[in-house]
Each structure stands twice: as C-alpha cells, then as structure tokens.
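In the two complexes that follow, chain A is the common piece, with chain B as its partner first and chain C second.
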Partner chain A sequence: MRWHVIPRLWPLVAAFALSAGLAVTAVAPVLALTPTPPLGGTPWLQDQRVGYRWRTGQVPPSWLQPAINAAAADSNGSRASRAATLAYDGSALSLISYDAPTRCASNALACADRSGAPSSFTVAYQRNGYVFDWGTLRWCQAYTTRPYGCFDAETVGLHELGHVVDLGHYSGSVAGSAYLDSIMQPVSRQYPTTGWNLHTYGRCDVALLQRLYDMQTWSAPYSTCGSVATVMTLAAGTAGTGGSRTFTATLKVAFDSTIGKLADNPVTGRVVTLQRRASGSTTWSTVTTMATGPTSGSYVSTVAVTSRTDWRAVFATPPSEGLVGSTSTILVVSPTACVGVCASSPGLAVGPR
Partner chain B sequence: MSEVRWIARLGAPLVVASLAFAASGAPPGLGLVSLTAPAARALAACPTGPDAGGAPAHGAARPPAGRRAWFTLTERMDARGTLVGWRFRSGPLATPPTIDVEVGPESFAEGPDDGIAVLGRDDGATSVVDVIDVGGVGSGCSRASATSRDVIRDAIRDAATGDVFVHRLDRLTRADLGVVRIRGDRLAGGAAVDIDAVGEPAVPPLPADERFGATWATRMLSSTDGRTLAIQSCGATACRTRLLDVATGGVTTVDEPPHGELIGLVDGALVAWAACDGLPCQIVRIDAATGATGTLSDAATAAVLVGGDGRPRIVVEEPRAGGWTLALVDPADATRRTLASPNGLKLRPHRGGRTEGAELPNGWLRLVPADSSGPAWGTDANAGLLLRTDDARTADPATDPTEVR
Partner chain C sequence: MTTGPRQAGRRRLPVAPGWLAALAAGAMTVVAAGCTGAAPSSSSPEATPGRPSTPIAATSSPVTATPAPTAPSPSIVTSTPPEPSPTSRAPATPDGSAVIPSAETPPGFPGALLVGGTGAEVPGTVGSYTWDGVASDTPWLPAGVLATSEAGAGDPLGVRVDGAVVAGWTAAAAPAADRMGLAATALGEGGGPAISFRAPAAGDSVVLVHAAFVGGGDAAWYWHIVVR
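Here is the complex of A and B:
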C-alpha cells in the first residue's frame, strides 16, 4: 500500500493555525486514493429533486424502464451527500431515451448530457442487439436467462446518472477489488465478471459528491477515498466550584480549496478525548472522552484542575472514514479563578502554550 | 478548392438532408426489398455502358441536378426492443427514395458522393458491400458488389477514382484485418468480386495497444480535399486515427494526444471531439504531422463540418445559460462568429454510427427541433430547416437548396 501526503495542504493548514492563534492540525499520511474527477459544468442545487421521463418516440422498452428507475434509486440511496436526487416524473424536462446510435459516441453503451444543468439532463441507451467491433451488445434485463457477456442496465444506468450529477470517469487502478472504489470506470464489467452488477456509488464517487454537494449531516461519515484534514481548537472556561473547569473543544474540517463544500464544516459525533500532562512531562494521559456540545462540532467536558497542567483535545484519525485526526494547541491551565491573562497572578494564566 | 470537390467530400461528415416524400414509407412503385440475407446483387444491377460504371474525373464539374442524394438507416426492432436490422432508404435529393431495403443488424452506409452511396450488410456468414447509384434520375441500382467471408465493418468510395476502401474484421475473433483497396476498374465489370481476390492491402491490421483496449468502433472518413482517408478506431475512452495518403499509400498514425471521434479532416489536421466522458465536450484540432493541438470549442454538444466561403468550417452547438448557441468556427485558426438559430432549432445529434447522410451545397446544414429523434425525413413534421451559414438564408428541407435563389 502506498502512502502520500497532499503537499499543498500544509501551508494552508499552517496559515489557518497562525491566524487563529490557537490551533494546530496534524496531517497524517493518507491513502493514495483520490476522488473521482468531476465531469464539469454547472452543478445541481443541493438536494435538488430532478425528474426525468422517457423521450417521446424513443421510449425505453418495458424491460429497461425498471432498471433505469432502480438506477435512480441506487443513486439516491448511495449518494451519501446532498447531491441531486433523481426520480421519474411524467412532466419532467429531463429525458431518457433508447436511441444511442444518434446521441452517443460510437463507443458507448449509453451516454449522458448534463449541459442543461441545473434545469435538465439527457441520458440515452444503446439498442439491445447493436453491433460493435467487438461484438453484439446484450442487456441482461432483455433476457429471461441472462446471456454470458451481457451488461447490467441498472449498473450502466447508475454510471450514467453519476455523470448527470457531475461524476467523470474514474482513472484510478482497476486491479484487484479497486473496481469497488467507483462505479465510474470507463468500461463496465460484463456478466458474470465480478462487479458486473454494482448498484451503489463507490467510495471515490461519494468523495467527489461530498465535495461538490456537502454532507447530509455534520455527523455523517466522510468517504474513505482521499483524506480530509481537520482542525481542533480547545478553550477552558472559568474555574468553578472545587476548581472545576469546563473545556470546550471545537472540531471542524480544515480550509482547503480542493475540497469544495467540505471546507470549514463542523464535525459532530466523533470521539474527542481530553488529555493532560503535568508541566514538564512528555507523557499525556486521557482524562475523558468529551461529550457532544451545544453547537455543531463542539465537545465539552468539565474536570477538576488541581494543579498547573497542560491540556489538549485529540481527535484520532478514525479507521472508518476519510477524516484525518487533529490535536489542539496546548493549554496551560492553573487552579485559578481567572481565565486568560490574569494580572494578579502572572504565569498562572490559561492560554496557549 | 472547388466547390465540386468540397461537395463530394462533404457527404461523409455531414449528416444533413431532407426530402419531400411520403412519410408513410416507400412511394408507389417502390418495393421494399429484404436484404437480410446478403446475396450479392440482391439490388438490381445498374445497366452497363459508358456512363454506368466508372467515376467522375478529378475536378469534374458539379453534379447535374438530381445527382445529389441522401440516405437514411432506420433501426428495425422486434417487439422486445431488440435491434434486428436496419432499413436503408436512399434517393436523389428532394425526391422520394429510389431504394428501400431491409438489411441486417451488422450493416452500414457511407456517402453519398456524387449521387453514389455505399451499403454494407452481413448475414453472419458473408459480408457484401454494394456501390449504389442513388442520385441518378430513375436510378436505384447497384453499380458493383464485393463480398467477403470476413466481416465488412465499413467501406468508403473515393469519388475521384471510384476505388473502394474496405475495413474488415475476422469473423471468428473479430480481430482487425486492416483496410483493403478495391480498384474502381475491378468493380466496373458488373459481377460481384471477391475481396480476398481483388483487394489490395492499404492499411495494415490495427496493432493491439493497452492504452486503447478493445476496439468498439471503426469508421472511415475522407478529408475535405479527398487526398487522405482517415481510419479511426475507438476504444472505450479514446480513439486512434490512421491516415492513408490515397496517392502514395503512406500511413500516418495519430494516437497522441488522446482524442475522440472525428468530425472532419481538414488541411492535414484532425477536427475531433476530445476524449471526453460525456457532454458537453471540447472540440480540438490536432495537426497530424506535429501533434500540435488547439481548442476549437471549450464545451460543445453537437458539431458538423460545412463548407462556406470556399473553405470548410465547423458549426458547433454550445450550451449557454438557459439554452444554447450556434457558432461557425474556422478550424484553421479557431476564429468564430455566432450563427442565429432560427426558431430555436438545433443541430442534429449524430455522434455515433452513421444513420443518415446527404449532399448539400457549400455552407448549408440542417437544423432540427430540440425534441427531434432518429433519422426522419420527407414530410416529417420535425424536419426543421436548411440553413446557409454564409448569409443565414433558410430553406425548406423538402427542397434542393441548389435551387434556392
């Protein structure tokens, strides 16, 4: 497995940390996977409901229509983002047809045209029985017993609807199980090759959709294709009864011009730990897992501070999503009633180390 | 370049034509012939004689009225929506079809040039290519036929010499067998000829190249000056184009930069779609000798090559907020001007296999309604308009624009 770091992330993160004066982001090595590239053009609105209907005179046959509708449901169900949703609507502007010989390139099973976005799109399917140089096209759905080498119209439909929502072709490796990373491979797999009937977007497809259209909720998982840096900040409230302090951590996505709508997103519902160490020590210990705070991306914990100690909040890189962990700057907290620069007790202030 | 040469070469890239024949199908007196079984000479043979076979000489005068022709290939489907073949119809411009035949699913048509079209068909055992006189008054006959036990995927006629170039695949493996040239004089005898016996190797079989993978489609296209034949083979994501110098037999391969389907071959340069994932897509100009590339359109959804002011140009349809615009672009230097789109008509989408063709005079193109679908001609209500790019003059597609004053 190869690892690499996105070089241009460093100066951006560093700049943010300097300007805020209280945050440092750790960018861990990330997987070499990159999101599916965009097709380009005007995006749809977030969560825009886009209807489609059959083109008059080129209506898909009865065996194909359910596969197309299923592909739309697949797109809606696996978008994991606020990408447009697609559904049949008899009065819609967008058209799906069964006439690819005139609308698609000669090397296409089907094709999509999203130049009408954000108003409309078109998709065209090649005819069952059309002859390419390599042989005759057969759609699996056209047969009671699917023939060897047929193409799944639902899988191809999801691929085309992927183009509609702005996914280009995936150019990553297709070796091994990597075909699972994207439904947007340039060539669809034929029955019975493994992967011939994928019905969900791959993680690299989702990664782009999240960048283009944003997350459905702040607690939703980020795609594991690529990596998204985070920024953690930590602040301590005033001392309370018995020297208790309320620490508030804030976790958000770091600003990065390459991640589109994800930049600066609050990150909620993750495991954030509060750690401390004695002044002069190099060993940190976890005090507690912070609870979800009152605002998006905030985490809170109230603990007793009985001596001058260093504090930090830690978000460890999660194994199941594409966020990169981050750690706050270190706060030096003393058992004093003041927060900030305390004129009466200089040197015992709370503040970034 | 004379207009005659331009017209002769315009037929292949242009997909424009229209006629005023009955929408109900073949006109009275025209029988529908099934050529699903490709017996050679299933089409009536043209009468032999001094005017019947050969080809117009280089620089021949403009074809006489009635020589311009059109064709359509309309899909034939079974009740389940499976393609079972095509219906080939063709005739002189602005007249009803003189030929109306059914052919199998592995069929193609090219041209017409000087009123002559090429029709290929296959029955699973034998392929036949017919050189058909469709433009002559009272015609509709096959001038010549050539057969092959391998699969003929495309054939194109050199209007200057009458030679026919044939691209074939191995019937068993569907491996590329290259292109052979059948001299016009070998076709002039009237009898069907065996391509294995008379074909001369012109372009070698396409070598395997993992950058392109399996070949999905191969198409031939003549340059606007008629001196070069392009043989373009497209893989799943990009095409490679081999250029045959018709006079010398030299072959040049253009496989970098990656490009999509050809729109035309102009002044030693490919005018082609970029290797896009979908539409809209760039249109590029690639110098065949140097590989130098320029952009003719940043984002287009349709394009055709037309003549105009004595030099070829492309008309591109480009999306704009709330609609689209048409632009006339000079492939030599990318200079452009906007074309008015009368009545909101659009270019006919036709990126894939050829399903229609016609010989229109210099500068004319056909526009169709946005909801137009499939090759539709004659009195079809969606026929649209013919537009002359030089002066925005329009004509009813049921007319021969040569007669427009």
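Here is the complex of A and C:
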C-alpha cells in the first residue's frame, strides 16, 4: 500500500520541516511551512480511545491532575483528524506518573514513551521543586500566583500527549515567532515566553495528524501547514429535454506518497464552479456554482447546451485551508458533432478536448 | 451525499502501517515501564479540568485539600523573582573547557561535537530529544551547565553528529544572559547531513543545534560559546 513509500520520504519530510524553521528571522529566508515530523513507531488506530490512569505510587498531586485531564481534552478537541482520543480510565494500561520519572533524561522536566502503542503509553512529570542543573522546576499550577519561569502543566501535558499520538519535535520556530504553528517545540517554553500556555495543537501538528490518521469528515478543512493537491474530473450525462445536460464533477485529493492517508480523499462541501466558453474562444465564463452531488466529492449541475461549447469545472484554491485548487480537463459538448472520445448520447455529443 | 468518515473496505489499513512499524523496530524492544496493568489508583478518577484557586500543597497526594504550604514548599505569592541561577556549573577542565553533564540518553543515542573556533571538538549537551519511541523534554539550557567553546565572530562552525545521519537541522543562538532563549536568533539551517554555520556576534552565547535523523528521532544540543 501507499504507506510503504512514506518511510523513504521521511528524511525529506523531516528536512523540510527543519528547513522551514527559523524562517521568520532576518537570517533565514521565509520558507513554506511543513508538517511536524512523526516521532515514529506504531500509530494508534483511527479514533482509538486510549485510556490512561495515574501510576500507583506516583500519583500526580491534586493540582496537577486537572491540568493533565485538560491536556487530554485539548488533544481531543484540537486534533482535527482521526487521531486517537485520550481520557482518564481507572483500569487503563497507560500510565501517567509524577516524580522520579524512569524514562526521562536526567535533565528532562517531562517525557513520554509511546513504544507500547497501540496498546499503551507512559508519560512522566518531574516533581515540582526538583532541582536540575539548569534550574529549579516549577509547575505554574502549583502556585496561586505563577512564578516567573514556571511551566504550564497543561501545555507540557499536551506536548507529551502529542508525542503519544506520534508527533515528533518541530524545529521550525526555535528562534522565530512562528512557534504558534506547533506545540511540539524542542524547547519547552516557560512563563512568560510566547507560547508558554498553548492549549491546542498548532496547524503543523494537525497537518501531520491528518496525514497519519485522516480527516474526520470529507468536508473538514485541511491544515494550512503544507499544501495538498487536488484533482478535478468532469463528465457530462446524456441529453435531456430541451438539450439539458447534467454535468458531474468529482473533486478529490491527488495521490501523493508523502501525504499518507489523505491521498485520494474525496473532497466535499467546497465551491466548485462550472465554466463554459465558445469553441475557439479563450475566455471562460462561469455558468453556475455546482451543487453537492450524490456521492462524496461529487458536484452536479444541469444546464442547457444549445451549441458547441467547451466546459470545465474549477475548484479555486481556498484561502482558509491547505488544499490546492484544480481544474478539470476540458469537455467539448456539441449538438452536432463530437471531438475526441464521444459519449453515447442521443442528440448531443460529448468528448474531452 | 456522503460526508462521513471513510467507509469500511476503502484502502485503509486498520493496523500499523509497515513503515511506521519499521521505524518502531528498535523501540518495540523497549518495554514501557509500568504498563503492566497494576491496580488502579485510589485517586479521584476524573478530576475536573481547571486551575486551583487556592495555594497548592506541593505533595504527590492525589486529593490534597489543605493548602497551607510551609517551608520548604515551593509555593510563592509573587511572580517577580526571576528563575534562580543554575545550582551548579559544569566543572572546568585544565584547559578551561567544561565537562559535559550526563543527560542519561538511551543506549545508542547519537552524540554531537562542535568543531571550529579554536579547532577543538567540544561535545554538546543534549536537551530535548526523541529516540526509539521515547520523547524527553527540557527547556532552553543555560550557559552555566554547558561545555564552552571559543570562536571569533563570524567564524565558521560545524557540528559532527556521531551515531545517526542528519536529515535536517537548524541552529540558533541567544546571549548567555538570556536564560530562556527569549532572544534566540537563527544561525542557519540545512537539509543535508552537514551542519555548518557562522559563530554569533561577540560575547557569551548559548548555541542550540536541533537535528532530525534519517529514519526518525531528533535531538537538541547546546553549547556555550565565547565569541571574541
């Protein structure tokens, strides 16, 4: 399956993800955003419900538990994909612990282990007040007035749960202001640095989750981090009363081995226009905006064809999502003759240009 | 009209894609500590998300209700004090460079050497990384805990990574006094295995190099660079 071509392209994805970084500074040129790279390992199933509980003997304190649960809700609420959902479950295999983490580096404030996926994961928080060589760890939630340099446990929790759902580290913004594009920064941000209390995945995190786990619906918007090409096709049905014809356009994501589960997705609920021009003309005019068709990604319009004309369907690149617009090949529809491959149609002839 | 999620039978793999499984091959040898189904905690299972409105006890008790933080509780009532200085500095060697504190990375984890400046090779201190299915996260590391290298302003610097092939990298620097990397600026970036960039402006700086590896994983390494 197409998944198998992705690992060979992973270095390219990672390289692009990295090269996108530092783009907002004066030193580096502005480059296109690319999705957060995957952490690697076995993904969860689509929409898999993954429970977690507190590790016995290392139960997070009462001020921390709500932040962790909020981070899980943040992940569920901002995944914009069919990534696994996370929720507390007292009988779950996955464990979240506090103090004396066993899988963290000695200088880490938190860590995650997803090597047990798709069965389980672990997340560990270092304890508040722990003295590292880099300073004393302070979780903001442990204080009624947050101290300078504290870490938001919900933000860090979302970052760790991002690792759990297979997000690696995004390095595109260590030195820039674009760190809002990803919560998966390799530098944990402290109050009051920008992004210290992000509670949603960034668009580049969502872009990877969509590639790994697919869209929630065919009408859902694609992340604006990166671009996803589309393909438009157009067909005309047989002639009806008065020369009317039903045109059917189909819009889908183009096949691309680097976009994982998004390839070939039907694209529903977009604005697709049907355009016409007189044969020999170079000027197109929009006839109508096509209505949603009976199948996913299809759009239909019935119009009268009274002379030989060229027809095409157009999906313009939308400004608010990552899809790239596309235009169908041209259909020549004539009541008296047909150009190219003709459709079986009484009265009118249809064929691609 | 069908607008719902993908229908059964349409090209989707219900289980681990082969490429991801391959990436996890090493990771799967690591047993997730504690994932053995121990008895559930007796703590409240579904705590309501939200922030505490009263002073918080810094204990691991699951349902501590009595605030009353007492010394040496970390609870404080103002936000004015800056984050404390490092509690220790890397010990100096006879030639003035620092010894790298161990970050206890996993077996086989790549190392990085900063090459340039005086010509010496100076090992980097690992911050955040992902490796074999494990992610470990740190803040910006301050100069005091890092190995020190010297360079002239604008000197070419390189980083050699041993144990992994670099797929892409970025480098950034912040003044050493900037303990959170707030003022970090880019030094360079690249998509190939070679990591090279110019030393920052004169003064004490912390340099961060973040690299992603072919086949998965990444690491952030830090150095303290004294630029003449």
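To be clear about the criterion, the second predicted complex is superposed on the first by the 301 of 353 C-alpha atoms of A that agree within 3 Å, B and C clash if a C-alpha of one lies under 4 Å from a C-alpha of the other, contacts with A are read in each partner's own complex, and residues count from 1 in each chain.
The rule is short, and it goes like this: a residue touches a chain if its C-beta (ideal position, glycine included) is under 8 Å from a C-beta of that chain, and two chains touch if they have at least 3 such contacts.
On a predicted model such as this, the values are computed, not experimentally measured, just so you know.
Once chain A is used to superpose the two complexes, chain B occupies space that clashes with chain C.
In the overlay built on the shared chain, the residue A:Val332 is in contact with neither chain B nor chain C.
Legend: residue contacts after superposition of the two complexes on their common chain; A:Gly269 is shown touching chain C, with no touch to chain B.
In the superposed pair of complexes, A:Asn128 makes contact with chain B and with chain C alike.
Note on chain A: of its two partners chain C and chain B, the one contacting more of its residues is C.
Once the two complexes are laid over each other on the shared chain, residue contacts for A:Leu180 go to neither chain B nor chain C. With both structures placed on the common chain, the touch criterion links A:Ala316 to neither chain B nor chain C. Steric collision with chain B, judged by C-alpha atoms after aligning on chain A, is confined to one stretch of chain C among 20-28, 38-46, 74-82 or 182-190, namely 20-28. The intersection of chain A residues touching chain B with those touching chain C, taken from the two complexes, comprises 39-41, 55-56, 58, 60-63, 97-99, 102-108, 111-116, 119, 127-129, 131-136, 142, 163, 168-169, 186-187.
Chain A contributes residues 39-41, 55-58, 60-64, 97-108, 111-116, 119, 127-136, 142, 163, 168-169, 184, 186-187 to its touches with chain B in the complex. Of all residues in chain B, those touching chain A in their complex are 75, 77, 80-84, 105-106, 153, 169, 174, 176, 213-219, 233-237, 239, 260-261, 273, 277-280, 299, 301, 319, 322, 324, 348-353, 355, 371, 373-375.
Contact residues of chain C toward chain A in the complex are 1-6, 11-24, 27-28, 30-35, 37-41, 43-65, 72-88, 90, 101-105, 125-130, 132-142, 144-145, 167-170, 172-174, 179-182, 184-192, 208, 210-218, 220.
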